[in-house]
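Shown next, in structure tokens, is the structure this report addresses.
All chains are identified by letter, namely A, B, C and D, in their written order; residue positions are counted from 1 within each chain.
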Amino acid sequence: MTGRHGNKVVGSVAEALAPLTDGMTILCGGFGLSGNPEALIRGVIERGVRDLTLVSNNAGNLGKGLAQWLRAGILRKVICSYIGNNDELHTRMASGEVAVEITPQGTLAERMRAAGAGIPAFYTPTGVGTVVEHGKETKEIDGKRYLLERALPGDVALVRAHTSDRFGNLRFWRTARNFNPVMASAAKLSIVECDHLVNNGAIDPDDVHCAGIYVHRIVHVPEHENAFEYRTVRKRP
Amino acid sequence: MTAIWSTEDMARRAAREIPAGAIVNLGIGIPTQVADYLPEGHAWLHSENGLLGTGPFPYEGDEDPNLINAGKQTVTVLPGGSTFDSASSFAMIRGGHVDIAILGAMQVSVRGDLANWAVPGGKVMGIGGAMDLAAGSRHVIAMMQHLTKKQEHKLVATCDYPLTAARVVTLVITDLGVFAPTGEAFRVVELAPGVTRERAAAATGAPLV
Amino acid sequence: MTGRHGNKVVGSVAEALAPLTDGMTILCGGFGLSGNPEALIRGVIERGVRDLTLVSNNAGNLGKGLAQWLRAGILRKVICSYIGNNDELHTRMASGEVAVEITPQGTLAERMRAAGAGIPAFYTPTGVGTVVEHGKETKEIDGKRYLLERALPGDVALVRAHTSDRFGNLRFWRTARNFNPVMASAAKLSIVECDHLVNNGAIDPDDVHCAGIYVHRIVHVPEHENAFEYRTVRKRP
Amino acid sequence: MTAIWSTEDMARRAAREIPAGAIVNLGIGIPTQVADYLPEGHAWLHSENGLLGTGPFPYEGDEDPNLINAGKQTVTVLPGGSTFDSASSFAMIRGGHVDIAILGAMQVSVRGDLANWAVPGGKVMGIGGAMDLAAGSRHVIAMMQHLTKKQEHKLVATCDYPLTAARVVTLVITDLGVFAPTGEAFRVVELAPGVTRERAAAATGAPLV
């Protein structure tokens, strides 16, 4: 056995993604186009792996983000909570090219939290009496009915952080946090793309959002598009 | 039959259901407008993508693509606000810490069943946070037009659209008024000005009481 | 219905604890003597409530902290993970005065996390094949056996924070965090004793450890004993 | 029969089992001493009360009652360390993110069963984090004297003390050497200098191979 927490910083996206293979389950952080690991998303296409199962809340939109994976034809299955106007996904779901499993957003997050926390399954009220119940065990607890949901682990997590130290302690910016930390915890191999790379000790121990125990590779990517999905503003008074 | 309450009227009416110091989650669509009618500091808005204390849209030039609400619109964060990850955010929702969820609806039944995520045979938009919000929030208020564009009933005895959650809606606010599911009927809480009980009854697919 | 998140700051410990009644289940933060809500612990005795069920990792030690409740005879039951040298608890457990339920520490934490997160029950590998399994459902998932553990909610949580703003957004200091945030999430009424009280906006949204959604009353207590349990040091070189 | 390895020797030997870059949790008692034999920066120490990157004891005068390890001893935190709540800490443990737990033991069986929290008929000290660490860590190393003070076996065919976890121990380090449970026996990995195989076999309540 070798420790997995030695030198984690790699020099390029390609090096970070070298362990990927065909057929893997990839957890990809982001909500809409916010908090997306943009360089890693592009890098997976260049890496040339295929038949991937993608777990992501939205799987891209407006042709951006993970919509690139759909266009590249490298996905076999998508597990997400929301499709909305993601036409790349609608088209491929309709044609049967990509299987789509739609999961309530909170259940999606909790299934990955459970995977990271060693909880193989949990009961939840979400989805009781709906199509989400189909094929699942139910149980009455204190007079109320619940569904049994299973942990959702990944082979690889692609994570976008605002700041990482060299051990992989992460900080996120505002709502770019979303699924990123929980996905980091749920994968065998977690790869972080950070805007800022700092030395150990630069982040106060009390200010760490996601501990480096959940991070295995770090690549520093200073430039990002950070696309707007809906730019809503008010006039200055 | 024309709408009596505009969506602005509906949003203003919904805002009156929110007591001071409540935690509120506003769904996409009409519910988002409810924020416009809440006095400053009256309630705390929760966005399920990981924000509590959601503020108004930013001033032009201040918008941040990484500070958004669940509808992916750029927003601001108020003093006292906080950010958190998705698992923590839905822990708040599922755990009953959100006092009121105001959600758009396609159908609501007399039992309080809510259908708001899929039209039979239509394009599936996804579930998003709707099922968690409907199942977990202490109170669920549904907002919708009273009839479909084809003049079909949306307040019904039994939903025939796929459910979001069963027995959760405590109040329905439509262009015709405010209605409460009782189990066997809809109780008229308030009618929009000029709407007669007969007109509301004709537009409702279940008994009005 | 009235909102529970209006003005939360109260002027005294007595006012903060006014809602307590006999027979309640009280979750009390702290690990050993670190991160204890010291003033609230004393205040509960002065409040005069009895027959309490206490959930706490240690239930005091060295005669300090929650050991005061044991001496005051206000406890009917203790749910904890560790007794160690807590003689006040050993004595009363032996005499039958106080019922003691010992729970693995991680299961204790997760049961409260579940209560706060709306998860009524979850499966865990901890305790399989041990006395902890007695009376519990087990299930085989993917070839491994797990125990079903139930959520553990409280009527009241007593929480110690380093800093609170007026909405109850909390920050903790170092390992004083421990059970405090998870207990805040698991109780109907969460009462915070903070060393520092600041205005809303003084804590950056990204720096909140426990969101004010889990806090209902706040009392500012500037002075604390912060007792050492084992003071271990090394010589300066 | 006197101890051949001191507890310091045992701790030094246990330290050799820790690869660079491992996440390690050291139990109370002898395992705590293992930290003294780890080169600086070699591994990351996890304390289940909510600390990763636990450093050495503080210099006199620097001790902080709110910066402690799971044994409630005052400690320090290294650069790259982090603090977190108890639920998050045990999520790390239960989720298999701690590479190695080194735990004190009362009995270990040939199957790798671990008993370390209660003596039958004795004072119950509690479970603490032991069951979570034993069940959740990727590798569990047990450290103990080979025999009780009454010269009873502690490496046994079947534990008769209450179990902490079943089939988890991968290595046992005692004053007589290093032993690996195989399912039916203990495999001798290493013997302390001067300890014969016969002596180790006589002190072991199960076959040695």
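Here is the rule we go by: a residue touches a chain if its C-beta (ideal position, glycine included) is under 8 Å from a C-beta of that chain, and two chains touch if they have at least 3 such contacts.
Just so it is clear, the model here is predicted, and its values are computed rather than measured.
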* **Set of chains adjacent to chain A and to chain B** => C
* Starting at chain B, how many touch steps does it take at minimum to reach chain D? -> 2
* Pair joined by more contacting C-beta pairs (A-D or C-D) -> C-D
* **Chain centre separation in whole Å, for chain C relative to chain B (CA means)** => 35
* So, what's the distance in Å between the C-alpha centres of chain D and chain C? -> 28
* Asked: Centre to centre, by mean C-alpha position, how many angstrom separate chain A and chain C?
  -> 32
* Structure fact -> Listed in rising order, chain B residues that touch 2 or more other chains are 51, 77, 83-84, 90-91, 93-94, 136
* Structure fact -> Going by residue number, chain A touches two or more other chains at 110, 113, 117-119, 124-125, 172-174, 177, 205-206, 209
* To do: Please list, in label order, each pair of chains that touches.
  => A-B, A-C, A-D, B-C, C-D
* What residues on chain D touch chain A, complex-wise? -> 18-23, 43-44, 46, 51-53, 77-84, 88, 90-99, 136, 138-139
* **Complex interface listing, chain A residues touching chain D** => 1-7, 113, 115-119, 165-167, 169, 185, 199-201, 203, 205-206, 208, 211-214
* Asked: Along chain C, where are the residues that touch chain D in the complex?
  -> 31-35, 57, 61, 80-84, 90, 93, 102-110, 112-113, 124-132, 172-182, 209, 226-236
* Structure fact -> The residues of chain A that touch chain C in their complex are 110, 114, 117-125, 139, 141-142, 144, 146, 150, 171-174, 177, 205-207, 209
* **Residue ranges of chain B in contact with chain A within the complex** => 47-51, 56-68, 71-75, 77, 83-87, 89-91, 93-94, 113, 123-132, 135-136, 162-166
